[in-house]
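Below is one structure; the comments refer to it alone.
Letters are used for the chains, namely A, B, C, D, E, F, G and H, taken in the order the chains are written, and counting of residues starts over at 1 for each.
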Amino acid sequence: MPRELLKGNVAMAEAAIRAGVEAYFGYPITPQTELLEWMAVRMPELGRVFLQAESEVAAINMVYGAACTGKRTMTSSSSPGVSLMMEGISYVAGTEVPIVIVDVMRGGPGLGNIAPAQGDYKQMVHGGGHGDFKPIVLAPASVQEAIDLTVLAFDLADKYRTIAVVLADGSIGQMMEPAELPEMRPVRSAAPDWAVDGQENRRRRLLSSIHLDPHDEELVNIRLMKRWQQIEKNEVRYKEFELNDAEIVIIGFGTAGRVALSAVRQARNEGIPVGLFRPISLSPFPFKQLKALAKKAKVFLVVEMNAGQMYDDVRLAVEGQVPVEFYGRMGGVVPFPDEIYAEIRRVANPETVFSNGRVRENWLERLDKAIG
Amino acid sequence: MPRELLKGNVAMAEAAIRAGVEAYFGYPITPQTELLEWMAVRMPELGRVFLQAESEVAAINMVYGAACTGKRTMTSSSSPGVSLMMEGISYVAGTEVPIVIVDVMRGGPGLGNIAPAQGDYKQMVHGGGHGDFKPIVLAPASVQEAIDLTVLAFDLADKYRTIAVVLADGSIGQMMEPAELPEMRPVRSAAPDWAVDGQENRRRRLLSSIHLDPHDEELVNIRLMKRWQQIEKNEVRYKEFELNDAEIVIIGFGTAGRVALSAVRQARNEGIPVGLFRPISLSPFPFKQLKALAKKAKVFLVVEMNAGQMYDDVRLAVEGQVPVEFYGRMGGVVPFPDEIYAEIRRVANPETVFSNGRVRENWLERLDKAIG
Amino acid sequence: MQTEIVISGFGGQGVLFAGQILAYAAIEADKEVTWFPSYGPEMRGGTANCTVIISDQEIGSPNVRRPEAVIIMNLPSLAKYENLVRSGGTLIVNSSLINREVQREDIRVVKIKANEVAESLGDKRLTNMVLLGALLESLPVLEMETIKKALEKHLPSRKRNLLQANKDALDKGAELAEVRDFMLLV
Amino acid sequence: MQTEIVISGFGGQGVLFAGQILAYAAIEADKEVTWFPSYGPEMRGGTANCTVIISDQEIGSPNVRRPEAVIIMNLPSLAKYENLVRSGGTLIVNSSLINREVQREDIRVVKIKANEVAESLGDKRLTNMVLLGALLESLPVLEMETIKKALEKHLPSRKRNLLQANKDALDKGAELAEVRDFMLLV
Amino acid sequence: MLLDVKEELVYKRPDSLADVVSHYCPGCTHGTGHRIIAEVLDEMGMRERTIGVASVGCSVFSYNYFETDFVEAAHGRAPAMATGIKRVLPDRIVFTYQGDGDLVSIGMAEIMHAAARSENITVIFVNNAIYGMTGGQMAPTSLPGMKTTSSPLGRDVALTGMPIRMSEVLATLDGTKYVVRRSLHDPNNIRKAKKAIRTAFEVQARGLGFSMVELLSTCPTNWGMTPLDSCDWVRDHMVPNFPLGDFKVSPEAAEIK
Amino acid sequence: MLLDVKEELVYKRPDSLADVVSHYCPGCTHGTGHRIIAEVLDEMGMRERTIGVASVGCSVFSYNYFETDFVEAAHGRAPAMATGIKRVLPDRIVFTYQGDGDLVSIGMAEIMHAAARSENITVIFVNNAIYGMTGGQMAPTSLPGMKTTSSPLGRDVALTGMPIRMSEVLATLDGTKYVVRRSLHDPNNIRKAKKAIRTAFEVQARGLGFSMVELLSTCPTNWGMTPLDSCDWVRDHMVPNFPLGDFKVSPEAAEIK
Amino acid sequence: MPVRGTIEVNELYCKGCELCITACPKDVIRLDMDRLTPKGYHPAMLASDGCTGCAVCAVICPDAAITVFREAKHNTARVYA
Amino acid sequence: MPVRGTIEVNELYCKGCELCITACPKDVIRLDMDRLTPKGYHPAMLASDGCTGCAVCAVICPDAAITVFREAKHNTARVYA
């Protein structure tokens, strides 16, 4: 396929179509809406299902229903809409049916604004919904990656009968870049053997998330946890830049990681031994890889478009081996490369590194000074 | 007040009333329903507002509205219902109005069951809702504590203009114990100076969570973060048992902590140097206290009624100083003291301690063997 | 000293209320107590049980694996608790709904056709009190008088008319337990 | 080599489309490019801007603090970008809506009454192309021909009838920029 | 059992009803609703092509009682889940089974929009004027003055409004093709209810669009009555508040006899 | 400006309308809706006692345009938020201002239940048959065949149903005391709309219960028309689908003149 | 002479709700007070002659516990012979 | 002779939507093509005599940009005098 100038949202929609999505249910919300609008054009053309739901609550439950029949299905939204899906997400997880969710994050909390942000990391990677389950979460940093990860999301969701989330920040959804779309895949013909699809000549099937006897429910939880351990083993993804000799390791995902790249290049030009580690699978998180890096590095610097949601996971990986510094912008502010460059210079100087557990406090004071 | 035999749910309801709650909005769900039912009896008697909402979504938004007028208000629910409140919770946080939520947790994910569980730790302590904010989360381990923490929740919510959550597992809500209720407090007379209450002769007031310019939104986030740092400084609460000379430290909250107490007693009787640390404020989490304990202890053992949701926070506190072991039951199973006692014996023996990062895997294998 | 008692049967058999009466009585007797139900969603027909722990010191876990005594009101409950009750412990069995024998020999077993007894006393809903009476006779953790006082205070008003019947049921159960007990000895 | 261009004005002034035409043209010219909008909720009346980065290598950050050139379509945008444009950079100013002078002297400034020019060409909506033409004249990052090819390919069908007008607007803008430019020199 | 050859079978438990004891309380007409649905599925020979959507309420376990494929929806969202299923499997028969708390209270948006879109599904709406499963709280369908655990002094219409008559509301939407209310309190009404369910499934089978049968049902346990008194209470109190009848029968649906 | 003494003021911008330029598109009748609400607040002298509840839609910023206390609700939840406010402050005037996506689509459950409970609030429902703020997607009120960004070939009623006429639906609920539909497409209708808003607020002031005024409104931007053509389109296409009139006027409300 | 019928009550399903008893036009059904189902209910039973096999009891039984039979035509015929 | 009136258009608020222009029964309002508001719109203006101060333009103006005056009674009176 030729390189074309594509908007992230449109690219993810078309990628899903080519990955064989058979039903899309969603509700408009900026900065995700172009994805829904593209589905509105393309799905009917292809004789597939497009339906604008009355709400995100309805959308996730429509997806839940369609997924129970064994069809590839998805929804997309942005932060407040995703928050409304939490109950449904927990039901889908408890029922072990595969679905794909695209979350194009915006500034919050609350109605907030529609600018790019990364404030859904916690609710997608850790918190979202009641009970113990973990979705696969993939974070693209370019339109091309958004395409590739959307296709991957469908394959992983099916492989593990799990929820796969493409967690893009608003800039990925809104920006245009040259990118290449995959070939159109045929939609899956045979339904999986668990599908509730009203077939004749077989025992009736049930898909449900209720297990009244706690011991039965516990067995489900154990199955989910074991499957998750498989996922942790097989599906960790990340990108590295200039890490071989790096004493300073920048960690950032999505747009934050991409902005950091510019800063890293600039710093490298000035001979600062800095490299970039960009997690692509936020869940499963590359704990082992970061732990290994921590052995060689002098300092870590986590860069996010939130108040440090991934930061805790990096610290979990590092377990105190190196100081883990933090720089974040919140509420929809996208950092400029020069800010991160300045941070690199700061952590390059041991005197201005805060390994004293007041990392967040110090960041907040710096930020406050800078913008207050 | 005399000691009376009280059911946890009823006790929390009456405690809220005596703390001066002026409006309750909620929706029935087991194992929380008796709280709502008690409100249905008492609030009208006192000329206060009781309203059964059409859903948890409506309930949290009614609470949001009432809170904006400066009145003390609350809702209560259980896991799936709480998941439905995530968008509203994020709005309340972004608007900086005080509310109290009681979450009487049940087994999940999905519809799961109605047995006691602790599966909402992540969504309440970390994940719930989009954007960067943290509610105060208090976890009672007895009916008396449920009463005391409910009253405290209202005071802290007001003090910091924040969300305060009483995170009780189903057993706390359902069990009956002798407990003492506080005196009835008068309801607050003067409205706070931010209240949107349609008063004459003053500038109009606005309460909202939208800040279209990311820089404005960032200022709100900074304010929230700074307030949170105050809360972290002032509001950490926990209980210790037999920790002075403890080489083995058990960490558990709510019912899990209480069950652990029986096991600790038994082990102590046999001369095993074990103690119990029971976090009461899960958020703010007692990081410093645990870090200090880690200096003296040989091993930590986290006990939860979930797959290890608090476990990560304990590891964050410890930063690898001591091995942190885990034992949990899921899906609504409440562990018996003898299970935890057996775990204490296990970790008392260095050979059977897994500081190799496969803690969760080993736990799952043990559990699987035990019940499979 | 700590005593754990489990009462188990179908929902609707008055399992939870019988436990609450024990708990109220424990307070009357100035003891520490916890009442911990297994609450099922079915209003009727499901199995329900509760654990009552009566103790002189602060109570840790509100539930135990091996209780001191169990009141068994239906067959599923027997299957579940026969092997759990502590050695030397007590099993009160509602033989109206349980035709099979109890296998264990290291425990004391009291069998009572409680449904019939209750119906003979005029109300099927007295089954729980008959069995509770039998328990107190076999495991005197609390005075019968204290139990009756608790009943007087806490029997829901709409059942006030059944107060005396409830007391009679307690006595009848105790009396029958005695007899059975005696028979066991010979 | 990397060039960053910002276009800023009210929503509805064609700010985003002008940027997209640049991006399409960049692809025509086999360059790396990113188009990054500041998208506002208002359909009209709000401020909108986009950043277009054209480069020979993989592009990192899709936005920059100090762009090489800025097209200023309204007063708020001047306030925002006058001090941000890189020293030695270019400012294309729509003097139809901006009465005040530009203060900085270390940059090249081209002022055009674009609204009037556009209306003189028959359609107010051509304002953006007039200013884009002026930009290309002053900062020849891409060939005018490439831009026009991009226009031909990507002008939405419902505006096809305005294709020629759009091209004329580009030329007119370039022409005026030239003149202004000359005037600046003397 | 040994069938005496001289006798012929007049009635037996339908095949579409699974051979399991229900968890419903004695005399609860949820069971009756299940039974007549199963009879209709038998008669139409659609058992294997049918997908049921259970809701959250006492009927949460209905999936155990039908010999058909089933899913279990989140509280109130059965119509959305059914929409997702029916849109990808248009030739299957999809029905939801929902209580009044589920359908009228938390599920209001989903039922209204499924009906407005005229999703080609059948909704069996069991109205017992109370929340059964959670122990008898007030429902939007509870009668004025009705005592429930969340309206201990009786439903105060000044504070909580009048009961919502959902069939009447849904009938105002163009999307509804067959909306009727029946009752399960006596044999005669049960026969009519079964007939209506049959028609509703026919409406779906013919692709006419949204169909719903509202069934007035008992909750002896939370009403605190005997099963018998409960049936009388339906007749004497519910029927006057929720009149039986056909609120929407589209012309095409009218042709079904 | 210098007021010529010889002249008398016939019309000036109402005091309850804040002195800020709205963000609405040129000719968007959201502005008209704001203006007449402000005029009514002025005339009734209720500005200071009024609490507005803004919703999520193009009117999300309405809180900036009224000189009254305001809160900003989550998408669709304004009636729930208003309920929370009114229940604790029964003597204040509480109104919501909601678009059709907000009220009819995601907010269906909240508006239905607020109306069923007869919450003593006033709802101003601005129906422009489209999602304005998010760029012109289909609303449940979009007309058959109407082209939107999520129905690019025109609304297909076979797949998405017919438009929901919310006033008619709400009128079926006992709780609604005053429910009317008006239009903002010409001066005459604007005057009638203002009168209705006045009545609705009176209904609330007298504690009669739930009142709603539906206003047919334009979205020139997403309809892709001039403001003028938009007004004609309302007259020629929306009014036929959404007939103007009074759908519920309780006896007490009828006494208000 | 009327058609003769009979019913069988499955005690697994019967919950003794008594609805069939009052529904029966011939008043021939009673609860069997001497027996208890595994769930502890007294099951319904055909207590006396007169069942016509009208199946009203089966129509009202919420638990589909009743199977209804009727004397086959040819037999009845034979009776008249 | 008809009452005389006049309007003032606040250019801060006016967005040149032209609704007042078509609403005006006397057809005396036009957009001022020589001026632009800060937001870039041509504002409405009273273009010719004949305004009766009927305020229809104010009624339709979505942005409440119009203030309407009318010659005060006593003046008109004086005119007739």
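Please note the rule applied: a contact is a pair of C-beta atoms (placed from the backbone, for glycine too) under 8 Å apart; a residue touches a chain by one contact, two chains touch by 3 or more.
Here the structure is a predicted model, which is why all the values come from computation and not from measurement.
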Open item on the list: If each hop has to land on a touching chain, what is the smallest number of hops from chain G to chain H?
Closed with: 3
Task: Pair of chains joined by more contacts [C-beta pairs], C-G or F-H - done: F-H
Open item on the list: Between chain C and chain D, what distance separates the C-alpha centroids? Give it in angstrom.
Closed with: 85
Task: Whole-Å gap separating chain E and chain G, where each centre is the average of the chain's CA atoms - done: 27
Task: Where chain D and chain H are represented by their mean Cα positions, the distance between them in whole Å - done: 37
Task: Distance between the centres, which are taken as Cα means, of chain G and chain B, whole angstrom - done: 56
Open item on the list: Two or more other chains touching the same residue: where does that happen in chain A?
Closed with: 30, 51, 54-55, 57, 80, 87, 91, 95, 110-111, 114-115, 208-210, 212, 334
Open item on the list: Please output the residue numbers of chain E that touch at least 2 other chains, ranges allowed.
Closed with: 24-26, 60, 72, 74, 105-106, 108-109, 113, 133, 135, 140, 159-160
TODO: Find every residue in chain D that makes contact with two or more other chains and list them.
DONE: 40-41, 45
- [ ] Within their complex, state which residues of chain C touch chain B.
- [x] 20, 23-24, 27, 32-41, 59-65
- [ ] Spell out the part of chain B that touches chain E in their complex, as residue ranges.
- [x] 27-30, 33, 36-37, 40-41, 44, 51-52, 54-56, 80, 110-111
Task: In the complex with chain A, residue positions of chain F that touch it - done: 56, 60, 72, 74-76, 101, 105-106, 108, 131, 133-135, 137-138, 140, 149-153, 159-160
Open item on the list: Using the touch definition from the top, list the residues of chain B that touch chain A in their complex.
Closed with: 57, 79-84, 86-87, 89-95, 105, 107-115, 117, 119-120, 122-123, 125-133, 208-222, 224-226, 229, 306-307, 309, 312, 315-316, 319-321, 329-334, 360-361, 364, 367-368, 371-372
Task: For the chain A and chain E complex, residues of the former touching the latter - done: 22-23, 25, 49, 51, 53-55, 57-59, 61-69, 71, 73, 87-88, 91, 95, 196-201, 204-210
